[in-house]
Amino acid sequence: MKTVSIVNVTSYTGAELLRMLARHPEFVVTSVTGRSSAGKRLDQVFPQLAALAQIEMGQVSSVNPALVLTEEPAQTDLAFVCLPHTAAAESIVTLVGRGTKVVDLSADFRLRDVQQYELWYKHPHPAPALLETAVYGLCERYRDEIGQARLVANPGCYATSAILALLPVFAAGIVEPDVIIDAKSGVSGAGRSLTLTTHYAEANEDVSAYSITGHRHLPEIMQEVVRVAQAGGQTAVPEPRITFMPHLMPMTRGILATCYLSLKDRLKTADVQALYAQYYAGEPFVRVIDQSPHTKWTYGSNFCFIYPFVDERTGRLVVFSCLDNLVKGASGQAIQNANRLCGLAEMTGLAMIALYP
Amino acid sequence: MKTVSIVNVTSYTGAELLRMLARHPEFVVTSVTGRSSAGKRLDQVFPQLAALAQIEMGQVSSVNPALVLTEEPAQTDLAFVCLPHTAAAESIVTLVGRGTKVVDLSADFRLRDVQQYELWYKHPHPAPALLETAVYGLCERYRDEIGQARLVANPGCYATSAILALLPVFAAGIVEPDVIIDAKSGVSGAGRSLTLTTHYAEANEDVSAYSITGHRHLPEIMQEVVRVAQAGGQTAVPEPRITFMPHLMPMTRGILATCYLSLKDRLKTADVQALYAQYYAGEPFVRVIDQSPHTKWTYGSNFCFIYPFVDERTGRLVVFSCLDNLVKGASGQAIQNANRLCGLAEMTGLAMIALYP
Amino acid sequence: MKTVSIVNVTSYTGAELLRMLARHPEFVVTSVTGRSSAGKRLDQVFPQLAALAQIEMGQVSSVNPALVLTEEPAQTDLAFVCLPHTAAAESIVTLVGRGTKVVDLSADFRLRDVQQYELWYKHPHPAPALLETAVYGLCERYRDEIGQARLVANPGCYATSAILALLPVFAAGIVEPDVIIDAKSGVSGAGRSLTLTTHYAEANEDVSAYSITGHRHLPEIMQEVVRVAQAGGQTAVPEPRITFMPHLMPMTRGILATCYLSLKDRLKTADVQALYAQYYAGEPFVRVIDQSPHTKWTYGSNFCFIYPFVDERTGRLVVFSCLDNLVKGASGQAIQNANRLCGLAEMTGLAMIALYP
Amino acid sequence: MKTVSIVNVTSYTGAELLRMLARHPEFVVTSVTGRSSAGKRLDQVFPQLAALAQIEMGQVSSVNPALVLTEEPAQTDLAFVCLPHTAAAESIVTLVGRGTKVVDLSADFRLRDVQQYELWYKHPHPAPALLETAVYGLCERYRDEIGQARLVANPGCYATSAILALLPVFAAGIVEPDVIIDAKSGVSGAGRSLTLTTHYAEANEDVSAYSITGHRHLPEIMQEVVRVAQAGGQTAVPEPRITFMPHLMPMTRGILATCYLSLKDRLKTADVQALYAQYYAGEPFVRVIDQSPHTKWTYGSNFCFIYPFVDERTGRLVVFSCLDNLVKGASGQAIQNANRLCGLAEMTGLAMIALYP
């Protein structure tokens, strides 16, 4: 058993880590932090964890509901950091310094180019030296590097859905650089901090676009699209022209990214599906399907469903990609990364299917 | 006072006509039909209308909750037809024959080209002769023709939101023929007929695209985009290449159409907004605004909010258009058309603002 | 035309007053306040009001979207006060002092007994002298007194639904003093202030009871039940034993109060319905019906639907009462009171039926 | 490994069994039926099961997504029957005849008194002989009998929540026979069959009571309350007078039963909580807590949270009980029963905590 800590467990991603780690056979949560709730027990902060009380009687659980929150994490083999950006980096410098492996759920180590970070996050990077060693935590792309890393930058939720939709065609070099990503997300993606936008009576029965002048997941998507095109050996790859437009949906969980692309050559849906199926063959958490996916098919699970479709009337390629923003888009992917970091099978503790209906 | 009938009042568009007509100062509903509910009173079919019982004591209402549903409409000055396509046309042949003015909320008279109709609706047009005389009921475009008509084809809900978003730029000829419309609709757009897709536990907490191989509102959009380009005196207008992708949202009402376009020349947001503001100057129900609109701002109202925005990074034009699918997208627009058909001020009975929150 | 002001227009009740007053034929809004938004225009605070911009071109609206919010209200004939309790009373002392008629939507003048106020609101009453002159604003009960008043205390939303359900049987003296009120409310009842309870991802897909040790609407209900029993000439009326249990529902608007009572004598449903129908005969906004009501039947309207039902198995009386918490439960009832205060017909500007579906 | 079949897997309870059995370490699903979908593969009926495709590569899953639906179940060790009543009994006669252990999720074997069954279900009992041998499947009450049974009648969802709330006080004999159960349920409780009541646009943003003249879970509750009182050795137990009022909530999952009782003697909250804590000590799936529970705390889990509370003002006992209607109220409890039927630890495969948020 490996010991793990969750830094800032009171966030939604922290709570979701608890839910999934409770059934993880190889990790045991031994430290949880949360500044404003320090001194409280886990089941005081999340009363639903009281359910775990008797579980230990019958079988092992990796989460003890009586665990007390502290201000700083104790020494563990691995840490999940659920802090906001910059606070995350500060905490991680210490953690890595004491030899703890880290999965960072913030944005601090996702962008390899410090200037890009400073452009989008509006302040100096808090730990540029550490950034050199960080690996972008998309197992479908950097599986081997993650296995060797000590710090993994868990991708953003939108970025995960969009990048998984775009990788196969940019790797193959069969699309023009023009990309439109119209993304729809449930409200939990905005986190647990209170805002008027996420106030129930405002968000319910409403749909709108937001961050239209530039959402911070866009540079991640750009970075990974360029890298996969370059890795494909394509010379003189033109800079992709990506419009990324996030929309807020009146639901708690789920992202659907609808991606519109221009094919260089006229292809049929079957051709493109074959390409996607081959690219993701053997992937434990990506499913290429042949119908329009529903976010509900991923509710609470670590799977991503992808459906590439050629609009015969216009020849455009439309790729639908959906996942649960808190699981494959955050905490589930973080555990997937942690499994690799610790040499475990990637699916360990993650083989749950969606809650339906 | 003009007498009006509502054919198939038991549909959602029929019920919404009742709500709005109840406060209309110039129309009085004297006939309502509904085959399976014939013989019942309105307030037996829609118990909320019981609220109207005492209203007449104090002031005139245009809807009498004790009105009994019949199988066929009585003679009235004007009829709103809320039947499904083909059934609508059959009923309208009779109505027009007896001199009744008609607003048809079905798709039967929206497409001017019979072949397009037969291609998309998969059967012969039921009344091609009548089609010649029908006017497409978008007041913002055909105000004068509607005033002279006897049969108005009320536009589809998606079509209304998309066409209003596209008219100014295609009239001005400043965009390329490439158009992507990513549309999001509440579930009431699918009507009152029972389907698994609209079963509560399936639609709740879910987002998905549907009708992806071709939604029937696409040919309407195509038709009107081409017509406005031609009307603008543009020679050799290339056929627009439109991808229209409707998505189902977990909410009852509202449509947001996010339209992606390529500008021929580099323009700024302010330039395009000025163009839109000028195009819709004086329009009673279209508002050009300078921020991302929320569907909630139109909940229960006949307004359409439009926000044109230039994505500086890519030079693309993004136009957001939102409305209530049952009001400006159906019954409200039908009353707007009926007002014109009868020579009334277009806003009569329609000056209600959105329900918020 | 009478001039009216809305104090603290940025609240949900303030916004709802704007929506309804926009179509009121006798009131014109000439002053709106909102401390943190002072200096802004109404349509900057509530963008949906931009819809009103052109309405004035065609017809009179009582709300001008360009009206600028101030810190203090200007002189008007009447004021709606939407401030929190205690702040409300302070403002009202000034308003009444300058001769303005006031409808207070806060709790400051609802309880006639100062000690009860101080017990439930935990501080001294801010204006006990004024309290003497205030009238409880339930037109169905105090119609004449309201017509003579200068200060009306608009009832609480739960209190309105419960009191309307209980009045007929306590007036008639046919029930035991044991009462259970299990009330269900939409989230907008909690207002526009941000709390974790009303955070979208917390409130969505959740039901729970709250304020179980004592909700502040309980003393209002107690007071009015006792008063109607005393008014009925009943001697030695025992103190009612009321358990009031509010529950939060995952929806924006609506209250359903399910009231459980013990009949002194065995009665049938028809008997009790006749009693209710007689009690509310001629009431413009209360409908006694013969089936289980839906909150949706009142969405956006000022009506209250009541269904009294005798459970034959146990002889218990169950009374269902539903209304829209922001309309009959707040702003609609406030306008009803304002109409009476100003000598207008009670239904003026309020004859709207529910939004459906 | 035991082989199990799911009869009528296309129901919501069938789908939920699949989700939970997929991770069950001792059961393997080898047969699934569904008349209208016979011949299809599981992942064609439930596309989210495609996620399981690769799981088998890495680890054992108990559900094979390629399993083909048949009309009749194959021979297995145990069968879960998800058919409607009467159809269920007919199928079970065959299953029991061939020696298969059965958990019946229908109502056919819940009521021990054939006359009660015929009164509430309006037709002769289809298998009265088998009824003699059936055990009511509430492990918290009949743990030992279930272990010896071959046919277990899984309780109704409302009945489970209400009975668990009432058992401790009726066993102890400390309450009067007067009981009011105001229950609130998510829409999935109504199943997957299409009705206007469960049509999205009707159920969304709506709350109402239904089946008010008598819901079929009432006789179950009556039966179990009487039995526990008798088992407690109480002589001359008066017939309980139960009013059970179910309400539909705009959410997919969850039941909150709010139960109102009269204590024979004045007790404090702490006294009653101690009684409940003792009664349920050691229970794997019942948690007695000290605050108002949220249905969300049980979302997707097999736990039931109970909070007994004494309303000091009136001396009434209020017991809140909440669970997930599809898990502890149906399929989770069915697996709990199956575990016992097969001699496994009761929690096997069920130790999952709620999805939050």
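All chains are identified by letter, namely A, B, C and D, in their written order; residue positions are counted from 1 within each chain.
Following the convention adopted for this analysis, a contact is a pair of C-beta atoms (placed from the backbone, for glycine too) under 8 Å apart; a residue touches a chain by one contact, two chains touch by 3 or more.
Quantities reported herein were computed from a predicted structural model and do not represent experimental measurements.
S.K.: Moving only from a chain to one it touches, give the least number of moves from chain B to chain D.
M.R.: 1
S.K.: Greatest Cα-centroid separation from chain B: which chain?
M.R.: Relative to chain B, the chain with the farthest C-alpha centre is D.
S.K.: Can you check which chain pair, A-D or A-C, has more C-beta pairs in contact?
M.R.: Between the two chain pairs, A-D has more contacting C-beta pairs.
S.K.: Between chain A and chain D, tell me the centre distance in angstrom, where each centre is the average of that chain's C-alpha atoms.
M.R.: Centre separation, chain A to chain D: 35 Å.
S.K.: Rounded to the nearest whole Å, what is the centre-to-centre distance of chain C and chain D, using the mean of the C-alpha atoms as each centre?
M.R.: It comes to 39 Å between the two C-alpha centres.
S.K.: Chain A to chain C: how many Å between their CA centres?
M.R.: Result: the chain centres lie 46 Å from each other.
S.K.: Could you check chain A for residues that touch two or more other chains and list them?
M.R.: Those would be 12, 186, 188, 192, 201-202, 204-205, 250-253, 293-294, 296, 299, 357.
S.K.: Residue numbers of chain D touching chain A in their complex, please.
M.R.: Going through chain D, the ones touching chain A are 12, 15-16, 18-19, 22-23, 46-55, 57-59, 61, 188, 192, 205, 252, 282-284, 287, 289, 291, 293-294, 296-301, 303, 305, 345-347, 351-357.
S.K.: Okay, in this complex, where on chain C does chain A touch?
M.R.: The contact residues of chain C facing chain A are 12, 186-188, 192, 194-196, 198-201, 203-205, 250-252.
S.K.: Inside the complex, what are the residues of chain C that reach chain D?
M.R.: 180, 182, 184, 186, 201-202, 204-210, 212-214, 241-243, 245, 247, 249-254, 256, 258, 260, 292-296, 299, 309, 311-314, 316, 318, 320, 322, 357
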